[in-house]
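In order of appearance the chains are A, B, C and D, and numbering begins at 1 in each one.
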């Protein structure tokens, strides 16, 4: 069975709580709304920051939407409107991600969640014994820098989720060896890869995004498609994100082999960009390569029968 | 003694043979002209290609200027005009780079060369035994992906060059661990680091450059300055390249700790950009950090006595 | 938060005039459903092809004529990439919650910074119409950057000039001497924090902007999270407020201003 | 290569008119030292803030009036970001070596592609003035994209329309039937390769452009190396020629056209 991925969604960190975005267009026309990053509160900077650069933005990772807020306030809001949600989850330890997923899955509204995305560009912390038998947590770079860590994280996530729920791993310009990390993530249980052209910039924890990085995004899609064709990475659908803000960009990514597209800072430029990109892909032919395996919407969760949520 | 680096030069691959650039301004006002990439002919694509992208360009590495052409035609031209040259050298094996340097050094006009730059973003080939006792050369990624290879290459280059000639190593967005590669390059004998915000894009061997990548360049300078301050990389001057095409960009890189700046695609936009950036830095104060160690022009090769060329 | 549609609408610039260090744009839009209020802002598309973020501008006046549409007055930074009179300009808004007016005539202090001075002046006029006594504090980093003091003086009981550093003392002295029962602030978050602190010290009400229209690095659409501020009470969503959606005008005593200025 | 200074000069657009699928710009510059020639091009700054590369445009006419300056005619793609009449436009050039004219009246075939048709037409007029018989071949991918056929017909002994695919047959047949002793090509490198091959087969002279003005991905300044072509003889610098400096007009028999089209 081919894996379903939503064709066009907002990118993590660019859609508020989802409700703000609803002011600019009908969320129901989208295959799904991406909500997040969701996680355990604390840790990150108090707020996102944005520094404009030529045809781009440098962003600092936004604080997470606390999972309790998501469960108590947001999932019910989406469910009441019949909207499908992909939850983007961020955590710096396997425990934090597992815990977040556990709480999401216990939500009475989990049926509205049609997918989970795990952010591998996020910083990872390693706990080690410290003075007095206590443990301390040290930052050790991004998840995606360590394929073994990617595998473990995805395996832990897979375990917490219904067997047939879409689980996608997001990695990008921060990743030293995207093919190795992607292989590990799929080995761990990811059923789709989100490839982001965001590249580290300015200082640690900051990323360059926007139209400026579109060629980086296309490069990642091309590289991973080639790795899949060569059998170096299992055959999963690819979702492209990074600078794909117009019809031409979306179609270029699509024909390079992306089954889905996310729109990030393009939504900040003009929220209606999301719907324009959606419309551009709505009648695009299936991706040129491995078309049968990745036809988007080939089997939607509904057709496949609702997953065994909560 | 602090190492001298030229304050503003063209970037490799963006100044033709130097002579074309002379049509747009007086090369003699520059501390030095960067000439290159210089190497052994063959190997690369027949010509450079440029794909425009938002606030950027995706370039494919240009073919080298054959070292014999440089020795026979170009160095004499520069020398006749009293111009100083930094030769950017590219090769895919230690042998190719050593050979190129050897031939340059044997040139009767080698006195005009005040520095050599080694391109670590270039593709590296490893020779291995093949059928029938012959060896075959296989591409194994960039030099900068392997700190050990960087060390060997720079050590070989250092050996071919006069003891006091500026030897700088160029690496950038393609490099998975810039601090490790930089440490290795300096360990091998580099006396300055050229940090380039160029990032891999579109397909193998292509790089995104231009104003779009300025935040990546600044990020590399900041990271390496911090590594130097922490003693993780020996204290050498940094030269920044990538999207630094106006006064503001040049001063930002300068105050992030770059002693020198190279202008690449900005020269293609408008060749006079080179002189504008030069003028912007001409009366800038020395870099804010480690100012004493890196004051540009503190000792020029002339003041230090001409090196023992050829 | 309501999910009322908030669409960009095509407007026409009918005037683009210099106003001191700034430009004053008049833009005609299809008639607004509800009148605009001081404290609201508009969002305009990015100025240039190489820019990603839209621009946010304070609204500094509005009038609606039946059958003609609504004219917004916008006093904006003179960035040199503004549409000329006769050109089209798409705008989203006026966005957000404006300043609330007291129901009884009281004495009010309105502090506004730089380009936001025009919105502060408009608020002052509204307060005077409502019978209040109004003292304006125009805050600017540079004497050139006070907005239209002539008109400001006409519409207020007093106008006081200071810079960001001196604003705390000026507002505190003025609030004390006039017995003001409400302090307003329009402009950067640092000014809002200052005014909220003065209000707290004097035990009076404050209404302040939680976001600085015109600053760089903002989306204005509620999507990027850059404008988020922590709340004093922990009850609302993640103890944060998103001023471009839930504001920009906030009660000064609700926000945790730690770190500002 | 000479190192004559090649500086951008401020010009003024005095006309910007539609011309079929294209726009015709007239730009006044300070008087040129030497008259412009067909085959030369100009370099204009990038069109928009998010673009890095400059634009290259064929020159399709020139006249110099004492005390007034030189007016360049430029027929350019209608990209929608062109300066209006009255606006300034900085230009570098005319750049490069133009077409050489025969010293005796001969029969010539001039093939030009799309927007380059205007430069081809100008070359044809020059050849006719020199007493030559001139047959124009206008090559276009789409019937809309032939330039100003009325004027072309006035200035030539025959005008033949074709597309890139049909250009080889058209030029070969025409050259054969008219006994042309020189073939010219203006436009994409693929057209130049085709014309050079036809000339070689017929053992006649060809002069062709080694770079396509108006194409994307070019600097036009001799700095990027994108336009490089390999030479047949191995004597010149790295056996390559850089058309935007050493051309754009090249002798067709000097270039190794392998890979084109």
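Just so we're on the same page, a contact is a pair of C-beta atoms (placed from the backbone, for glycine too) under 8 Å apart; a residue touches a chain by one contact, two chains touch by 3 or more.
As the structure is a computational prediction, the values presented were derived from the model and not from experiment.
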- Query: Among the other chains, which touch chain A and chain D together?
  - Reply: B, C
- Item | Farthest chain (mean CA position) relative to chain B | C
- Inter-centroid spacing, chain D versus chain C (mean Cα positions, whole Å): 56
- Note on the structure: chain A to chain B, mean C-alpha position gap in Å, rounds to 37
- Query: Tell me, which residues of chain C touch at least two other chains?
  - Reply: 49-51
- Query: On chain B, where are the residues touching two or more other chains?
  - Reply: 51, 54-56, 210-211
- Assign the assembly's chain-to-chain touch graph to one of these shapes: line, ring, star, complete, other. complete
- Note on the structure: chain B partner, complex, touching residues on chain D are 1, 3-8, 45-46, 49-54, 216-219, 221-230, 237-238, 240, 242, 245, 259
- What does chain C use to touch chain D in their complex? 48-51
- Message: Could you list, by residue number, the parts of chain A that touch chain B in their complex?
- Response: 51, 53-56, 58, 173, 176-177, 199-204, 206, 208, 210-216, 218-219, 222-223, 243
- Query: Mind pulling up the chain B residues that touch chain C in the complex?
  - Reply: 54-55, 211
- Query: Can you name the residues of chain B that touch chain D in the complex?
  - Reply: 13-17, 19-24, 41, 46-52, 54-57, 59, 62-63, 65-66, 69, 73, 210-211, 265-272
